[in-house]
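One structure is given here, and the rest of the page talks about it.
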Amino acid sequence: MSFPLLTVTAALPAVGAVATAAVPAAKRTAAKWLALVFSLATLVLAAVVLVRFDPDGARYQLTESHAWISDFGVRYELGVDGIGAALMALTALLIPFVIGAGWHDADPDPSPSSSSRGDPNVRGSAAVDTSRWRPTQGFFALILAVEAMVLVSFAATDVFLFYIFFEAMLIPMYFLIGGFGDRAHAAGEEEGAKQRSYAAVKFLLYNLAGGLIMLAAVIGLFVVSSDSLGEGTFSLPELLRARADGELTMSTSTERLLFLGFFVAFAIKAPLWPLHTWLPNAMGEATAPIAVLITAVVDKVGTFAMLRFCLGLFPNASEWATPVVLGLALVSVLYGALLAVGQRDIKRLVAYASISHFGFIILGIFAMTSQGQGGATLYMVFHGISTAALMLVAGFLISRRGSRLIADYGGVQKVAPVLAGTFLVGGLATLSLPGLAPFVSEFLVLVGTYSRYPVVGIIATAGIILAALYVLVLYQRTMTGPVRKPEIERMPDLKVRELAVVAPLVALLVLLGVFPKPLSEIVNPAVEHTLSDVQKKDPKPQHPVADHADPSAWFDYKPAGHGGGDHE
Amino acid sequence: MIGLLVGVPLLGAAVLLCGGRRLDRSGHWLGTLLAAASFAIGAVLFFSMLGEDAEHRAMHSKLFSWVPVEGFQADVAFQLDQLSMTFVLLITGVGTLIHLYSVGYMEHDPGRRRFFGYLNLFLAAMLLLVLADNYLLLYVGWEGVGLASYLLIGFWQHKPTAATAAKKAFLVNRVGDAGLAIAIFLMFTTFGTFAFAPVLSSAGEASEGKLTAIGLMLLLAACGKSAQVPLQSWLGDAMEGPTPVSALIHAATMVTAGVYLITRSGAVFNGAPDAQLVVVVVGAVTLLFGALVGCAKDDIKKALAGSTMSQIGYMILAAGLGPIGYAFAIMHLVTHGFFKAGLFLGAGSVMHGMNDEVDMRRYGGLRKYMPVTFVTFGLGYLAIIGFPGLSGFFSKDQIIEAAFAKGGTEGWILGAVTLLGAAITAYYMTRVMLMTFFGEERWRKAATPSPDRPDVEPAAETRGEHAEPHPHESPKIMTIPMIVLAFGSVFAGGLFKAGESFVNWLEPVTAFEHGHSPVSAATVTTATVVALVIGVGAAWFQYGRKPVPAVAPRGNLLTRAARRDLLQDDFNHVVLVSGGTHLTRSLVYVDHKVVDGAVNGTAATFGGLSGRLRRLQNGFARSYAVSMFGGAAVLIAATLLMRAV
Amino acid sequence: MTGMTDVASTGGGPGASGIPSLWTVAAEAGDKLQAPSIEYGKLSPVLIVLGAAALGVLIDAFAPRKVRYSAQLFVTLAGLAAAFAAVIGLAASGVGTTKAQIAGMGALAIDGPTLFLQGTLLLVGIVGAFTFAERRLEPAANGSRVDSFAAQPAAVPGGEGEQQAVKAGWTTTEVFPLLMFAVGGMLLFPAANDLLTLFIALEVFSLPLYLLCALARRRRLLSQEAAVKYFLLGAFSSAFLLFGTALLYGYAGTVNYSAIARVVSGADATSDPVLADTTGNDALLLIGGALVVMGLLFKVGAVPFHMWTPDVYQGAPTPVTGFMAAATKVAAFGALLRLLYVVLPGLRWDWRPVMWGVAILTMLGGAVVAITQTDIKRLLAYSSIAHAGFLLAGVIATSEDGISSVLFYLGAYSFVTLGAFAVVTLVRDAGGEATHLSKWAGLGRRSPLLAAVFAVFLLAFAGIPLTSGFAGKFAVFKAAAEGGAGALVVVGVIASAIAAFFYLRVIVLMFFSEPQADGPSVAVPSVMTTSAIALGVVVTVVLGVAPQYFLDLAGQAGVFVR
Amino acid sequence: MSPINYVYLAALLFTIGAAGVLIRRNAIVVFMCIELMLNAANLTLVAFSRMHGNLDGQIMAFFVMVVAAAEVVVGLAIIVMLYRARHSASVDDASLMKL
């Protein structure tokens, strides 16, 4: 048994969460630094995972396996394929930025009496003793807890183990959404608190409902596997092997029902139209770093799980459902984009944009081509980074002005050019500008989709036009134009901490946009495995060019005019 | 070496944009220097290319594998052949000149460093576009220039009009980009690759339907980038950008990328006559469209923009003719690059001296105050109208000839259209010339800023009050580029024509066939000249003989329509903008009320149900007993029933 | 009358008529009186508890007031602990598995489920005793600390006598013997192997509970009302149970479980053709079975026999509510399991569809009505109803897995419940416990730790992974699915989703709402309540994270002796 | 007369008792109705005991009587307590807790 790298990677933030939560109330800053250090250490470990992962090696690597709940056939089984490794890295990468960006988000109000929170009389009275209330510690501890749970989800090769963390991560997320909102709320503090808790409850109920449906399917899977294999198991490699060998059989309707149970849960998490309405609320009400955590990290578990579990365990049902899923994904792409255009709230706009992007990811997954799924995987990573960049800058912007409404801005570029510039880069990444990372993935998804479903691919391409629309409208309304409001005139540019958060993300966007090869090489074999699970092969081109990799072919090429090019 | 061509300006952009305020004082020179360096590299490559024989001039260099996914290989690799070389020289050459010009033009602008950063970015992207060895990398450059164009049009972001124009340009271009993307999908599914060499060399194997589809999608892309009907609407608004930008991007280089794309993909179009026909039609329509718009505009830059559209229409038309036209399309592209850039720089120079006034009705008689500008502008003018002996004459004449050579009815129609276009070109350019440099000095009466530009731009404020302008010649740093370009406008055409040198140069890449025109070359030339004279004469009758009214007359229906860009924006507004607004608004409503409403409705249903069921719990022990008794009865009944069933 | 004489033993040997008739033996053997053989060792847990209860009565009667509290507490805890030790000893000696047997002349079955449930009940009793004995929450009166129970239960609420008693700081200690009697009855309940014992055990644990409900120190009117309702409805339901017993007796001629089962399965055909219209009459069997089951469903709080639950839970003193909610459910489900698995397996196809209906109604009904509750105790009451539904799903599985999953669930659930109600006792304002939900607003800010603990309990109720609630729910649903009740699982899942809503509402209130100015304060409890809560948390987390050991335990215990 | 008629009588008594519980308000009367139900069960037991020819049912009847007596002790105590607090023994008056 080698060193349990994955366990340690996932456990480190959990330990960090406990440690952070234990910091005394007065030492807020220490808690922040502690959390940051833990998240960075996790990042290092995740990088080690990525490095130690051998693309040419076994399908699941760095595996660990221990008995856990044998009554339920549950084992503590971890292992990463390329997709899991990449997403673990993404998670570990983003958390330090989330922490850095949210550095002051959970500070207690500096002066309770002057603050708009609640009735000053109430705040001032000694009856309310909140000295033991440690929001800052809680905030960072919860973030680390989410990280730990997400990491386990990405590494779990046991369906049950995955399910447990898939569900459990809702709880810290719930507190993060409901407990920590923006300082100022457009609708007033009372109303803001109400909307926040509405958003949190909606988030949790929606996802919990999905999770519970999945629970029914998980139980069903156990029953099916114990019927077929004699002993129920949740081990993914074991199930896949049994499926491939024909030992594990299930009736068509059973497979479809189980698939639906899993898929609905993931589609809610992802989120796929029409199960998306929790996302705008949650992202709108949460602070920007938490919104990033939701869309860039937690939601990825949904799409990841579609790829790993839905396709792997229920290939026939996946194929059966493909037309509908593609249809819904297509609707998501266009619907999300159109609604993003119609938003008046910056964060909700980004949320709808994310819905559109998740549509692309799901499109890529269910296109069942190497390009589509490879693109979808890259998309998950790149969308995480690009949304983080856009949303975090938006958060900085919002924290300066205290409003989420687009109409409250205008002309920021003039007073805060660096802020505007980074915002623009984030926006351009969101609209998949070539040269930035998301372009690569989006193009792959589109190519992959097109090559099997041309009409779907073409309609989805309209999404990139709409993406330009909502990003540029957002930029135009917030950043350009004359400065008309005094609040904006006084707006400071990005501070060092903020720049330190944004700059690496921007750099990564560019770097991965130009040179995504290391990542795609890690991902490719996993995608091939998944495709072989569903027994799909890429459609062949009609007129394949024999050796297109050889650039010298160019030199043999003679332009052929009507007359063969001979004009003399 | 080829990579350096792209890398040098890219480095410049990176340094200038990330460098911060430290570079505010020297940044513009750095930018200019790097542009020049890029030109120098291009020149070196050009001469080394000349050293090879025609068949082996193409160079290829692969930097790294970009996106390797199973079955999908995209490399960052460059290919430099004669066609690319032509563009490289044009881009870096004109680009360097315009950098130089901008040093003067943007002297007082606080965002100068940023401006040069964007310019360098543009150069890099444009070079990437023409140097890419596959369509995907070309796509990168394609959108890259779109980005640069967006940034530069919206350079004065504080002006809402500029910001809107920038956004519009990007969006319209995106539509075209989508076409390019779909073209790439088609190539990938047809050929399994999208690198130039394999796609083009095996284009013949694919079915005509496929090729037509690819061709049409490429045309869509070209329409977006080159402002061809129906995606032409952004170009006029793009004139909100600083004038050097208009000269470089929206006249000389970027807008001609569509021509490059079609020419580059010649092998595809050659196999798809239907697509070619559409290309030709688009070119012809745009040719007339742009010309008409150019006739009606009083804004000097917008008039020139219309002209650009029209001239690119010529090029697209020529490119649509197939091997008989590719070379001429490119030739006209290059000459147009010279004279149109020169014209724009001249316009910029005029504006520079006129407090950024753009309304030609407030110009007049400026030749005395700006002699250098007048001369260079005049030479450009002569070139564009095709005055015999100057650049435009040679290149345009060839296109008209090739249009006739298309053959059949089509050929006649195209020939007529091109001739008509030549006449209109002469008309509107003469109009510009007369309104600007001749006639009475109307600016003396007009001391207020033009009504259609209500927003005061700080750049103008720094240059002086909006009092009566004091026209003056621009500084040397601005006039020198104009002079150089004027030389190009005069001589380039002749140089290219001499010994068919240009055609021979391009032939290995684009192939060439002599068209067989039903009318002789001399006849065509004569007709062209006649058209020219008619156009000039008409303009002189209208604007030269009598004073130009300072307020535009109402004009006839066509004029009014042309002033509004032939109602294209109205169309867009009604169909796309308000339609889209309604669509998004109703979708927002639907999302809130229907999709979300279903969720909240479910919650409310349970809540209501709960409230109702709750009332059963009425506190009376006896009613609880009733429930138990009833329950027991049901339990018994059900058990008995189960047995009965 | 021949059948009476030839019955020689309970074993039902080859010569016997097959209808063992214990009572007959006792009555018949007048001249040659044989002492019945009683396995005292196997019955020791029950005997210890009942003995301690009797001792408690004596203490209350004779010990001086000053030592009563500590003496009672000592006797109670010692009794419970000793009984628990006895259970462990029995389990260790294999009584739960290989040496399971019918004891007490056929009256009791000492087997795996019995021992598991007895162990659980005794632990619940210990924790319950802790909360009963808590004397730090109420403000001290006249220098003496007082508990949650009425100073002078006989006094008229609000009357002069009561005010004096309160002022004087009186306390009563009869709650401990009452608790012990209730525990004793509960220990018997799941072990009961004939219908008479079932009925007696039911009454033995119910009667003390009726009284305990009436003993609240504050809000005595509510407390008394709860007691009246509980008593009347409880007696009503036991009348049904008894009548059902009578009918089953009429059907089988015996009340012994396995004997009835044999008649049901047709192994023992009735010998006398005269009795053809009674013995073996399926109508008697079905009606009698339904009535007995109904009596048990009343105790577990299944819809539509649940309506006493919210009122009683709300009115009873909170420590009693906690104990009752946990222990009654454990005992009643134990009895229900034994009845359905041992007596009525032959009727499976008759009772399963009916129980399906009850389970579905219970799950959905409990969850839906809980949504709009405003009192935390009522909310928990409805929650307990929903949980009864989940448990019924496991009961319906009719498999060994079904038994063990229900056992596990009961263990998990009871500690969460105890902990949750213990937390409720701590949140107080001037009028005693602040049970209205609006008072809980912002509790997370005032005392984050307590709120966090309560949140853990709520999450466990909601069945969030990594809590015992999830493991239990998974076990039950898994058993149900394997038992062919997949649709029930789906309903259960839907009900869980609905239930999650109201658990979350409380969490929202505690953490996301601003504290009220006149909000409650959190009392600092003694080590007893603290340990009750701590034990709840520990069990919740341990059973959530590493449930395997306990699943094994429940799995081994999953066989009924017949 | 066949003993089965006693069973029918018992069923009738049981129903009367149950109906009384549902109809009557006075807690004492309600409680007496419950006693009636218990006694109906007793009658059933005895009748069946007779029919089966074993004594189990009769013995059980004794147990039930004892239990009923215990129930009376507890029940009357609770009801009296209620009466003292409210000066009414109506079960419908005890309806503070609802919904």
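Note that the chains are named A, B, C and D in the order they appear, and that numbering of residues resets to 1 at the start of each chain.
One rule holds in what follows: contacts are C-beta pairs under 8 Å (C-beta built on N, C-alpha and C of every residue); 3 or more make two chains touch, one makes a residue touch a chain.
Bear in mind the structure is a predicted one, so any value in this text is a computation, not a measurement.
Contacts with chain B and chain D are shared by C. Counting C-beta pairs in contact across A-B and across A-C gives the higher total for A-B. Taking each chain's centre as the mean of its C-alpha atoms, the one that lies farthest from the centre of chain D is B. Put simply, the chain nearest the middle, going by average C-alpha positions, is A. One finds 36 Å separating the Cα centroids of chain A and chain B.
Taking the mean of the C-alpha atoms as each chain's centre, chain A and chain C sit 46 Å apart. Note: centroid distance chain A to chain D, computed from Cα atoms, is 65 Å.
The distance from the centre of chain C to the centre of chain D, with each centre set as the mean of the Cα atoms, comes to 24 Å.
Across the assembly, chain D contributes 18, 21, 30, 91, 94-98 as residues in contact with two or more other chains.
Multi-chain contact residues, meaning those touching two or more other chains, occur in chain C at positions 228-229, 232, 236, 240, 310-311, 501. Residue positions 205 of chain A each touch two or more of the other chains.
Every pair of chains that touch is listed here: A-B, A-C, B-C, B-D, C-D.
The residues of chain B lying in touch with chain D in their complex are 614-615, 617-622, 625-626, 629. Within the complex, the chain A residues that touch chain B are 202, 205-206, 273-274, 276-278, 335, 338-339, 341-343, 370-371, 374-375, 411, 413-414, 417, 421, 428, 433-435, 439-440, 443-444, 446-447, 450-451, 454, 457-458, 461-462, 464-465, 468-469, 472-473, 475-476, 479-483, 514-517, 520-521, 524, 527-528, 538-545, 547-549, 551-563, 565, 567. In the complex of the two chains, the chain C residues touching chain B come out as 228-229, 232-233, 236-237, 240, 282-283, 286-287, 289-291, 293-294, 298, 303-305, 307-308, 310-311, 349-351, 353-354, 357-358, 365, 368-373, 498, 501. Touching chain C in their complex are the following residues of chain A: 67-72, 117-118, 121-122, 125, 127-130, 132-134, 138, 163-165, 167-168, 170-171, 174-175, 178-179, 193, 196-197, 200-201, 204-205, 208-209, 212-213, 215-216, 219-220, 222-223, 226. The residues of chain C lying in touch with chain D in their complex are 1-4, 19, 21-24, 26-28, 153-154, 156-157, 196, 199-200, 203, 207, 210-211, 214, 220-222, 224-229, 231-232, 235-236, 239-240, 242-243, 245-247, 249-250, 253-255, 272, 275, 277-279, 310-311, 314-315, 378.
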